[in-house]
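There are two complexes below, and they share chain A, which is joined by chain B in the first and by chain C in the second.
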Partner chain A sequence: MEKEIHLTQFAKHGGCAAKIGPDTLSKVLGRLPKFSDPNLLVGFETSDDAAVYKINDDVAVIQTLDFFTPVVDDPYTFGQVAATNALSDVYAMGGEPKIALNIVCFPENLDPDILGEILRGGADKVREAGAVLVGGHSIQDDVPKYGLSVMGMVHPDKIYKNFGCRKGDVLILTKQLGSGIINTAVKAQMASAESEREAIRVMTTLNKKAKETVQNFTIHACTDVTGFGLLGHCSEMASASDAVIELHVKDIAWMHGAKEYAQMGLIPGGAYRNQRHAAALLDTGDVEEVYVDLVSDPQTSGGLLLAVPESEAGEVLRALERADLGTEVSVVGRVAESGAGAGIRLVQK
Partner chain B sequence: MREVDARGLSCPEPMMLTEEALKADKGAVRVLVSEPHQKMNVEKCAKDHGRKFTSTETDDGFAVEIEPA
Partner chain C sequence: MITVNAMGDACPIPVVKTKKALGELNGPGQIEVLVDNETAVKNVTKMAKSTGAQAEQEQLGERQYRVLITVGEGAAAQAGQNGSGSAPANGAVQPDSAAQTPVACPTCVSTVVAVGSDRMGEGSEELGHILMKSFIFAVTQLDQLPDKMIFYNGGAKLTVEGSECLEDLKNLEEQGVEIMTCGTCLDYYGLKEKVAVGQVTNMYSIVETLQSAVNVIRP
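Coming up: the complex of A and B.
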């Protein structure tokens, strides 16, 4: 009888939880030489989602790359999740993906059909995004890994940066949170089928429709929520914008079971790392401990976090609702102050 | 006292073994783990079972002593 392969068993950390911690990264990246070019509109200094290079007054290219270890056992689904996640960085910059290349690491002794399924899942998502898959690179490795390098395009005046939010802005998130915790519960074989299905649906939903829905509104700042969790990505936005962000934990949409699994101790190590990294900015107030864990949960292929002026927030929310994204949109908080230092405040109303 | 040696294991295994032990044993349980975040997950698991605990640092990680139910 053929042995069933559990892809996640190959990986110590799955998905975006496999990211190298923000503390380590900033230390190492700080030592790299600085590059400058008048046409480089977004580089890595602001920890944004992708680089943007201006070609002329109407066109800028977005360049990004993302890959990780298996986060689900099914190869086709893993391919979909990894591709959705990689394409997301282009949407988070306000752009449209155009060209994608596969990045593949795969063990020599595993059935090549598994790799075929991973690539098919990725290709289907590239097609759904309206981009073209033009090749890639593969190497032998003990732990399977998959992702994409993506080139996208955006009008230079329509780039979404991860900073620029202002006092009064409403923070809207286009997907519910909890995929890191649910994936941990799945690994422990303690997740309900409903939670598992929900996490997979969320992780395989492209941020394409969300971006297209909001593109004609005013967006002060945007990023996609991935490995650093809502807390980590809000910290980056708060620091880069010199703003205090207030997160209303009771208003945030969580995946079914996420709170319960967090209370059981099914929390990925990355969540604790994200908490440590944000500690200097974070005021947890009197919120229950479980919410601190939930906002820190590393997301795989999370939604777009949008800072929208209060006057347009209602309309943006209605438009997102009409667009029927297939995920839960929620108002996660607001920008409480700007111009007087950065911070994150958790509020449990 | 029942002892769970989860040193060197990666998440969520330490929590899974703790959960199993707490379900099977209403008496005191001692859990050994290597990493701080595993200690925190084991503590949460104990709390979720309504059990009191005391954690200490050991030479190669942490010990979480969980009181009887």
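Coming up: the complex of A and C.
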């Protein structure tokens, strides 16, 4: 395809930055009836990544879906990013993806070859994940959207929940942060080619290898960092665990250029929504404002955030390094307190 | 005064328009930016401040905001001095000497120290180490600190645990000097886990930094 396609021009909000804000969501979800079933191991009460339903003592199924508007102009890459992001929720629960279905919205007047490329990108990632793609559903819509519904499996005793972190735990993140800001800079045509390439590489890296690398270690809590940003996902973890999380902003791995672009005001609106939502828990101390913006940046297809007991953290980090994930692993902080209220503290050493 | 109408524009268009207006102004003066959402207010303010300009916000009505940007005499030069990437702490560095720096491009940095070895000069290896240590110390004593220091090849050994220059480098970093070490070099010497100061960087970033520098100092 030699034609110039700028898929992102169709989308007002990109990727996980397109998520409805956490404030709005919790208001609306709070009004829904609560479902209960003894086999439902993880529901939406703790804002976890996916639902988990126990079939028997050895098998539980994980069910999740995720889709969004284009974050990148290239259709094949967009397909890869959207699929990687959707599959990630299964890894974040400790499971393996098994079956995937396409979710497609596509304008009638756009070249169908573009849709073909999006789907090819998605299919390639599903294959890489070792799952099968078995159809899906598509409707006409002015703004293209793509994603997957994914079913995965996990042993009921080995589910990763987004809560349960304890005092002393080390927080490890398996991908560098900044995709929301970089995507904004790309839209503004101010991003360097290097930053753009790095963001795409990070967004299309499956969390499969990361999950497989850590699965034999003790993981107290796990989630994937997406639209609510590191700050939002840490808030959820802190609230649900009744813990105080300390984020060391100087130790966090950022994408090349993210800090510069944030200082230039290339910050997606989602970052400010995430800040507002976390405001009650957040103590920014005396860290520079740019770091508050960076930790709030909504991520598209971000890494796994793992709470690991201090005694195993060194080994986990070495194992992740050996696994050569293709992304930057960093220790983003630690659990400072547990059992005495929730909070997030930013620290700039 | 330049007026930028960014009403109805989605992120990041207001920032793009503001940047363009700052370029057109190219010196002291005022720009008013009209926007219709708070995200744009915050982002436009950040864009202005990153160039050393001042920005005031005002709400004119429901979904109507004005950001008034003032580029002063000093700020126009500081925009060049400070760049967009260096730490805000640098903004405090001597406004007088900043005004003398003949920099027009807003993303330029004025001084970069590029260290490609753990010793200074040819000749005795032992003397070379001593000289490098005292060079780094001497940098800490400068009235006007460099914006960035890049360490590559043997220079990467200076930013890791056990380096004799560590104290001085940490001191520089605290004062806002950006310390960057070449990742490939750290890998090569097996020092990746030992970095004790600054950030790990890559060749692209090193080239970009050197290209944008007005002065490059090589010990």
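Here, the second predicted complex is superposed on the first by the 346 of 349 C-alpha atoms of A that agree within 3 Å, B and C clash if a C-alpha of one lies under 4 Å from a C-alpha of the other, contacts with A are read in each partner's own complex, and residues count from 1 in each chain.
By definition in this document, a contact is a pair of C-beta atoms (placed from the backbone, for glycine too) under 8 Å apart; a residue touches a chain by one contact, two chains touch by 3 or more.
Since this is a predicted model, take the numbers as computed values, not measurements.
Overlap between chain B and chain C is detected when the two structures are superposed via chain A. Once the two complexes are laid over each other on the shared chain, residue contacts for A:267 go to chain B and to chain C alike.
Of the two partner chains, chain B and chain C are each touched by A:184. Of the two partner chains, chain C is the only one that A:259 touches; chain B does not reach it. In the superposed model, A:194 lies in contact with chain C only, and not with chain B. Contacts of A:288 after superposition on the shared chain: chain C is touched, whereas chain B is not.
In the superposition on chain A, A:34 contacts neither chain B nor chain C. Stretch 56-64 is the one of chain C that runs into chain B, the other listed stretches 56-64, 92-100 or 164-172 having no clashing C-alpha atoms.
Overlaid on A, the two complexes show chain B and chain C touching the same residues of chain A, namely 12, 184-185, 187-188, 190, 262-269, 272.
Remark: chain B residues 10-12, 15-16, 18-19, 35-38, 40-45, 47-48 touch chain A in the complex. Interface residues of chain A, counted against chain B in their complex, comprise 12, 184-185, 187-188, 190, 262-269, 271-273. Of all residues in chain C, those touching chain A in their complex are 10-13, 15-16, 18-19, 37-39, 42-47, 50, 84-85, 87-88, 201-202, 204-205, 208.
Taken in their complex, chain A has these residues touching chain C: 12, 184-185, 187-190, 192, 194, 256, 259-260, 262-269, 272, 288.
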